[in-house]
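Each structure below is given as structure tokens.
The following pair of complexes shares a single chain, chain A, combined with chain B in the former and chain C in the latter.
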Partner chain A sequence: MNNKKKLLWIAAIFAAALILPLIIGEFWVHIAIQILIMGLFATSFNMIFGYMGQLSFGHAAYFGIGAYATGLLIVKASIPLHFSLAASMIVAGLSAVVFGYFCVRLTGIYFAILTLAFGQLIFYIVFQWYSFTGGDDGLQGVVPPDFLFSAYSYYYFTLIIVTAALIVMWMIGESPFGYTMRSIRDNDSRTRFLGINVRAYMHVNFIIASMFAGLAGGLFGPFNRSIAPDLLSWHHSGIPVFMAVIGGSRSFFGPFLGCIIYTFLMAFITGFTQYWPLVIGTIIILVVLFAPGGILGILESRIKALLSWKGIDEIGKKTDDESY
Partner chain B sequence: MDISLIIAQFMSGISHGMMLFLIAAGLSLIFGVMNILNFAHASLWLVGAYLSYTFWYILQDYSIAMWLSIVLTTLSMGVIGMIIEIVLIRRIYNRDLSEQLLLTYGLILVIGDGIKIIWGVDNKLIPRPEIVATPIDFFGIPFDSYFIFVILTGLSVTFFLWWFLKKTRYGHIIRAAVYSREMVSALGIPIPRIYTGVFAMGIAIAGLAGAIQAPIGSITLGMDMSVVVQAFCVVVIGGFGSLLGTFVGALIVGEVYAFSILLWPQGALIFIFLVTAFILIVRPWGLFGTPMRK
Partner chain C sequence: MPDDFILKIENLNKSFGGVKATSNVNYKMKSGELSAIIGPNGAGKSTFFNLLTGFHRVDSGSVFYKGRDITNWHPHSIARLGIARAFQVSNIYHTLTAYENIRQAILTQQKKTLNFFTPARKLAERETMELLDTIGLHEQAHVTAGNLSQGDKKRLELALALGCRPDLLFLDEPTAGMSAEETHDTMMLVKKLNMELGLTILFTEHDMSVVFGYAQRLTVLHLGAIISEGTPAEVRADENVQKVYLGVEP
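For the complex of A and B:
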């Protein structure tokens, strides 16, 4: 597909997102905000998973750090939201500088374990540091400024920031840096022979991905009006993994699509049962057992024409058949 | 800080380490043999704890109720492990890492809610029988006699696993399967059945750990979360797939935990992570593991 057509599609989706709140009710605007924030989270996760080929099971930690950075600045220092969002990215990025340094030394299953262990470490620090983070009571009264108080205005605010973040991430993915990441994913020894410092590149990518996760977390706090330490926990880290797997990790918008599916499912199912984890756990198991490659993997072959706009990562698609 | 306190803390560290060893041993065994990381291992440990409560509740009129419930829990968790392997794990041997981990992650969610539905949200407590209820004199220091039982159980399981893997025919088959699945199956040995057995054994040991954890304190929802991370630290420190490494790693983590609780109660887990991070820098493959295979 040529670039012009791709841009046309994206512009159409953005325009649809702009007029969306005029059509739907307030409940669905909340759902739409959630889709935007979690979609940003899932896309940032996919910078590590899809582009770098490593599975992080602790990405929620950076989301949570971002949420707490914004939350604490708003609650304790009354710093305006746009400054604290920047702080969210910086604090999440700095944590990733420290923890990422160790994580990128390992690959495969060891990378997954270490990211998980560090994620839980951050979770426990937040969970037990009562005087600063409020411990397991969480942080209450994370209120956005007046002009963003209504769901509609917060929707447009989130839409602008998430769109900007997605554009930046897309540009990173299409830059020489992004192609270096793909090359590391497909063959890190060959990449090293080209004279590229593989560890340093992975570390930088880890930091960037964590910064965007922090931004998503920063947006989430004022949207939810409160922050709980659960946001950092391992349970929350599994969500973007699931989104990326059902949406397809080898395309830029795949995780976002997975996020839309996940969020609609959640909105629908939590309407009549409190056992959401049981339901989503069962769905995850069934998808893994019976629909490898995700729901879209099945759909794609049938309505390929309709979904062909997904194929932004055409280089990545070609390497799908090669070893992973 | 006087010497008796240090000794008491040291012993409690060993007993905590033994508990971690029982959990991590199954985790490490399953990973070493089947190359599958079972995220839900600690969830199944918690199921074991709740199951032993149920067995104890049914049998509570008999004096040996607690001991019997430990045995019954171990056996039934072995059966549950077998079922999980046959129904779920067997289908994902050759899948991507992300799908394998997602499946066991899904299991955590299902088990967590399942426990809530079956056993409710109240804490459960198994009172200890007389013989392990009173502290005993340990060189002039009072020491929880139940911890002696935990330590002895841990040592017995360690010895059993060592004997099983090194001295028996099945142990030899399992160790051979780690090096070459193809060669072992070419010799006419059914690999899937071996895997089912290994998974069942790992889960049975986790169930045993859950059952002996139950009388230590009350059983609460979510107590698996802190344990699972410590178990991961144990296998990372010791090296995946090494029984000796898991044993040493468990003792290190147990002692670090016991002594940091004395110094800075909230920071216990942080110290464990610092030790883990340090070992990862010096030896990324763990103390007793072999360098990563590509």
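For the complex of A and C:
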């Protein structure tokens, strides 16, 4: 019954997403595409942050690697988009095999610092390697195939891929592997004594999360028509952190909701003031102080009966109490 | 040379800085035993368990499990062999429900944790409910573990160890912080597990009265070294034990 209700909600949201472009203008379709891509990015980030309990400050590196993989394949080799998207996932995943190996050796602040350091390392390589990546000029002419040229068709293309990716990530989150991640987040030492090789599992999760970040990056290139090294920088790594905190990192859809709020507000507010960072900074402070479970944390405890979501209010309270 | 010892420890040593936490410990356990290690706080009981389960590296000496040298193996590899432990301070998954806590142990034991696509709620339902029954947490199945009472947390702690379906079980002060009644219930359960399932159990305790009714064999640790070993009656009569442990002048 609970699951049926949940499925109904999700089906309704998907139906709304299908008819959305018929109602809104082209500018907002662009914003909607951006929400989908960044929502996928934020959800993949939350596999590490919400499920595994580690804060990555370098997740944009894998988004950027994915973007450059698709971009370079389109610009230099004219590889069709669906193949280059698959390549984006693979290249981002392979990078995570290497860098993740070192990152998962540490936890807490050291994990955050190491992901940040590797992120910046990759950023500087892309930034300096003019002959291959175009350096700080970026990569121009990353155009989607003709049938995806209009914003509307690219929206539907992105909607299908992001939905499929979210379903896969949702399934992983609900699987024994997903629960093993929650176990590691709650108590890694106990998980070890149950017989789990904690580092290896964290590494696998890091790789999966990076692959979906790579997919998001791959979708971003043809949408933006160009790619800049900024996509890999620590600044860009901070965005999914904001989104997850605003939406709520303890639920699967929290970061996506945070992404909707973040992207919509940014589009709206930058329309009449340049002080967007001031606004988002204020929002983050308010959320952290008064709603540590994020917006979805509040919503879920308020309309718990409606969503029949168990134990959410305890989880909301627990977010600031992970010192064990 | 084959022997029927499930656990054999030879000349085990461990120091922290200048403090000798384990000093030349030799210990053997036969399959199916229910034995206890006693000693005042700070005697090195927890350190001893930490060395056996791979949490600390040993300085010197060897640990054999079923004839296999497992000295300095990783905790997860040791757990995989069928050695489980329950902790003194309940060491559970605070944001998961009691049911999810136990299911995690069972799924790990069933080697299903690398399953990415089957919903966990559809797996190990029967085994999880059975264990919840055994441990007496049936009614609290869907309570978030962090909200359980202290006694129930302790019970869940034991259930996590049992979910591993171990052959050898280490219990670090299983009744610490429990009321007299809870202590009795828990020790009866431990005895039942030993008698009915044939589990080999080694537990530590600082309260001697708890130990005497249940353990077949006692080992007394003092300052990291074994000072006495034998049946409860023998240990109680040992002058050394009375001196250092019971505080009785001979």
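Here is the rule we use: the second predicted complex is superposed on the first by the 271 of 324 C-alpha atoms of A that agree within 3 Å, B and C clash if a C-alpha of one lies under 4 Å from a C-alpha of the other, contacts with A are read in each partner's own complex, and residues count from 1 in each chain.
Please note the rule applied: a residue touches a chain if its C-beta (ideal position, glycine included) is under 8 Å from a C-beta of that chain, and two chains touch if they have at least 3 such contacts.
The shown structure was predicted, so the numbers you read here are calculated from the model rather than taken from an experiment.
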Would you sort A:F193 into first (chain B), second (chain C), both or neither based on which partner it touches?
second
Which of the two partners, first being chain B and second being chain C, lies in contact with A:P145: first, second, both, or neither?
neither
Applying the document's definition of touching, compare chain B and chain C: which contacts more of chain A?
B
Chain B versus chain C as contact partner of A:V245, first or second or both or neither:
first
Which parts of chain A are in contact with chain B and also with chain C?
324
Complex interface listing, chain B residues touching chain A:
31, 37, 88, 91-92, 95-99, 101-103, 105-110, 112-114, 116-117, 225-226, 229, 232-233, 236, 266, 269-270, 273, 276-277, 280-281, 284, 292
As the complex stands, chain C meets chain A at residues 53, 55, 74-76, 79-80, 84-85, 87, 91-97, 100, 103-105, 107-109, 112-121, 123, 142, 144, 146-147, 160, 163-164
Touching chain C in the complex: which residues of chain A?
171-172, 174-180, 182-183, 185-187, 189-198, 201, 250, 310-311, 314-315, 318, 324
Sites on chain A touched by chain B in the complex:
49, 55, 57, 102, 105-110, 112-114, 116-118, 120-121, 124-125, 128-129, 233-235, 238, 241-242, 244-245, 249, 275, 277-278, 280-285, 288-289, 292, 324
